[in-house]
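Shared chain: subunit A. Partners: subunit B in the first complex, subunit C in the second.
Now for the complex of A and B:
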């Protein structure tokens, strides 16, 4: 039989241990994600379904000779209306999935009963949220790749720009999209329910960010609001990178605001988390279902 | 090393009272109606006191049982000690570390089993769970693998360690939860209802394990609904009710408190409340509690008597007739449950 009191604790605190704990959260999430095989079906079907709604609507509105599409392309400056719509809807779905997935990550743990057992360890607590982001980013990258492949094969959508510039624009958007997700996750733990918030935020993105139309057609006051939403710059930047062969210089007007919004949302996300953590210690919110 | 493994002084925890729930410990103020004005003075909220000045001194190497009915404050006390909750006032040290100012040191000193089988991931294997939590407790990877293997062996999970936890029995999941608490070799263990929901054999195995852990030098704070379990395992027991520790002694010391009394245990069919009132009116009878035995109309009735010889004829007289039938009657030695009833006026599972 082992003698424990004479043995020191096996834990060795430090920065590297915290990094390893963060990696353990990433690994855990990825392992659990793989054990729900339904994600494969979702990954194949969802990239098609949502954009199809707008593509078919556009074809119907274009008239029997398709002349409406020519007007649409002239207004938007796009060479391919399907590609134009797919980029907008993909950004919308990215934000939507992050809100449901990262936004509900702590709440799901809470309902499963595992949040408290994580909280009881001496690990940096933001790891639980940050670690959830790793597998989510990988699955999102798979989602976007499958979207590109499906629309390339089935609708002959072709890139006229650089994949690297598209990736660069997406990279610049990650802090703002996930920072909002972090803030959201902390609020969900606090209020226990967030469907109304998800519908509000994705509704704002849908209306103001021009997922299927150029922002320039919006009334002035709506355009002013669009300027405060990072998704507007992401959609604009990705379209420019994909279909206008834009380089870094041309993309800077989109990249700079994305980075600024990213810094803002990461800070907001982190401090909302700290606020939630302090509040939970006072109210016991972590253990309440 | 400090003298006590756990020391709490005047721990108080208050929560905002939920309107309409009838929280019995709430302060007398009603929940104020919110005034939606920028300049309205914010009125103080009514508060519910879950823990009301708990003092505890738990010595190193002892098993300390904390007993109390639902809502008595034992879970809130445990949650404060393991840093999930901050006390409203009062202080506590765990392994010499302050639960508020040195929360991370407290977490390193503790192995905690809360929520039992729900505290682990069902979509991971037993081994993956242990390796995951080992990383959270900052155990180096090579050590973690060896330690997980040791605990898998010890918990008799070797044959099933690579299966998903969702395929385990409740007892096996509970053993994984206990193994998780032991991963970093913490000196102090907080076990909240460790045998809840287990079949008798699995519960016995967990009790044996707790006794072994004490032998190895762990300090254990145990909460349980099972009086026999607390009696069997605990060196000392604290009885908590309405947020206060109302008695604290060894199990034998507690039982001596009602040594002068006898416990009369009846089994009857056709029980009704009027009969309870009549039995309570018999001189020398007190602390009467009833418990239905399963689905059938069979009731266990326990009461404490100053003198059973004079009380029994009166009891039989009251029970005869009116559709009530006496099935069995015993005079038993006071148990810990009788002490609990004597002190709180209610059964533990009320």
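Now for the complex of A and C:
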């Protein structure tokens, strides 16, 4: 006689329980974030010293009488070379931090040995990744605010545009920046040691997206590559919104590609995660490191 | 009861220890070939924005503003040379401290410390392979970056190499002191990252220090590295130096002895303190 033992799961997954799981991950990440206050020092220092290296180089290139600066202003159309550089370097830092934070979130959990047990809980697994994004966004907003305050107070960088337009451009860029982070997180969990990939992606942004120069100065083939990187549009849009008083109409050529890239990267990020999840279950490699 | 050690340290055994440490590091380095590729391409990636930014400051390919500060309009040769020297500086400056931190994390520091080998020798040994690999990767980087951006040294290479020697030896002194700090603090990553960035920036890796804001120039002039970088560039690129070349060389030699003395003294004091506390194996 065959006996069938039915063992129904005690978990009752539903929309509300998914939301609760997401909130639990957000809460945990926020607690960890506040537990190590040394980030305050980094938050105050990095926004200042990274752009400084390029700003001081720009000062040297300008010459003692500032004659080179006039050429730079003419080439770039910028009214403030410090602000011009700060926007480019801040976007680079944003993408860099997201790659390390969101990109390595699952990997860090794997290293702590908690990923496999979390994976077994009857929750929406994407919430592990999504939940990590919330506190990261808050810390990034603090980072950008501190950058603006420091350069405004210490270097007298002044806006000649609307703060709302800058925020709108940043908002349009969030899906592409974090979508890339999601895709990257799944890749990292698969290949484990992926520092070289971070160097590659942030290197692409550094070379092609015009963090300290206008893209028009690049050779044709490099400009073609720059068009495929959302960060190029983000830097251009933020500069236009901050220093050229660009309105929504002028920003549309940057906002539309940003939204298109955002949709693309979110879809890629989500499906890469699903692929990784299936692969992890098949190979049983989720707990290995 | 008299306790006699079985070890018989001599110059030969010390040299053998040095060789073994270097060989171990050599094997570890080539075990991760992606790191070697990263060492070559990272500096190129970092200076590419400067190359294009320089173009935005130039008329007909000539950076006249930069030339007015440094005496050369060839800003890419200036920066490339600074990048190569920085690679070596980082190797000696921070390499020993990082090596100690790695040993601490791997749990082998305490056992290494028990070996009948001079502790400073262990530290120096950890830099030998890095110096060789830095020389290899920097040379490849220079060839690639030279082809991409142009590298045109016009001066005396031998004199430049000779000038960089006391600078590197002096940096060992700083490295010893920093290694002591790592023993004490155990986690000094933020401190290292920030101070490394500041020292690199203010000693003129990417630009002549004369172009710094007036209030930062005294800070730059207080750093021994500033004179090392300036003198090497003076020899190799015939740039305008801050002080006459012979004065800069004398300063570098004085700094070399001073830094070695301070570094060794600091390291031994901290090391004794840590041994007394018994925290050597903790991390």
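The rule is short, and it goes like this: the second predicted complex is superposed on the first by the 277 of 289 C-alpha atoms of A that agree within 3 Å, B and C clash if a C-alpha of one lies under 4 Å from a C-alpha of the other, contacts with A are read in each partner's own complex, and residues count from 1 in each chain.
Criterion: a contact is a pair of C-beta atoms (placed from the backbone, for glycine too) under 8 Å apart; a residue touches a chain by one contact, two chains touch by 3 or more.
Since the structure is predicted, the reported quantities are computational estimates derived from the model, not experimental observations.
> One more residue to check, A:42. First (subunit B), second (subunit C), both or neither?
The second partner, subunit C, only.
> Contact-wise, after the overlay, does A:116 reach subunit B, subunit C, both or neither (first, second, both, neither)?
first
> Looking at A:211 after the superposition, I want to know if it touches subunit B, subunit C, both of them or none. Which is it: first, second, both, neither?
second
> Regarding the shared-chain residue A:75, is it in contact with subunit B (first), subunit C (second), both, or neither?
A:75: touches subunit C, not subunit B.
> Looking at the overlay, does A:62 come into contact with subunit B only (first), subunit C only (second), both, or neither?
After superposition on chain A, A:62 lies in contact with subunit C alone.
> Which subunit A residues come up in both lists, the one for subunit B and the one for subunit C?
Residues common to the subunit A contacts of subunit C and of subunit B do not exist here, since the sets are disjoint.
> Quick one: which bits of subunit B touch subunit A in the complex? Just the residue numbers, please.
Interface residues on subunit B, with respect to subunit A: 15-16, 60-61, 76, 79, 82-86, 104-105, 107-110, 112, 114-115, 118-124, 128, 131-133, 135-141, 143-144, 147, 150, 164, 177, 180, 183-187, 212, 215-218.
> For the complex, give me every residue of subunit A touching subunit C.
38, 41-42, 45, 49-50, 52-54, 56-69, 71-72, 75-76, 195-196, 199, 203, 206-207, 210-214, 217-218
> Quick check on the complex: what are the subunit A residues that touch subunit B?
1-14, 17-18, 20-21, 23-24, 27-28, 31-32, 35-36, 112-114, 116-123, 281-284, 286-287
> Please output the residues of subunit C touching subunit A within their complex, sorted ascending.
Result: residues 34, 37-38, 41-42, 45-46, 48-50, 52-59, 63-70, 75, 79, 190, 194, 197-198, 200-201, 206-208, 211-213 of subunit C touch subunit A.
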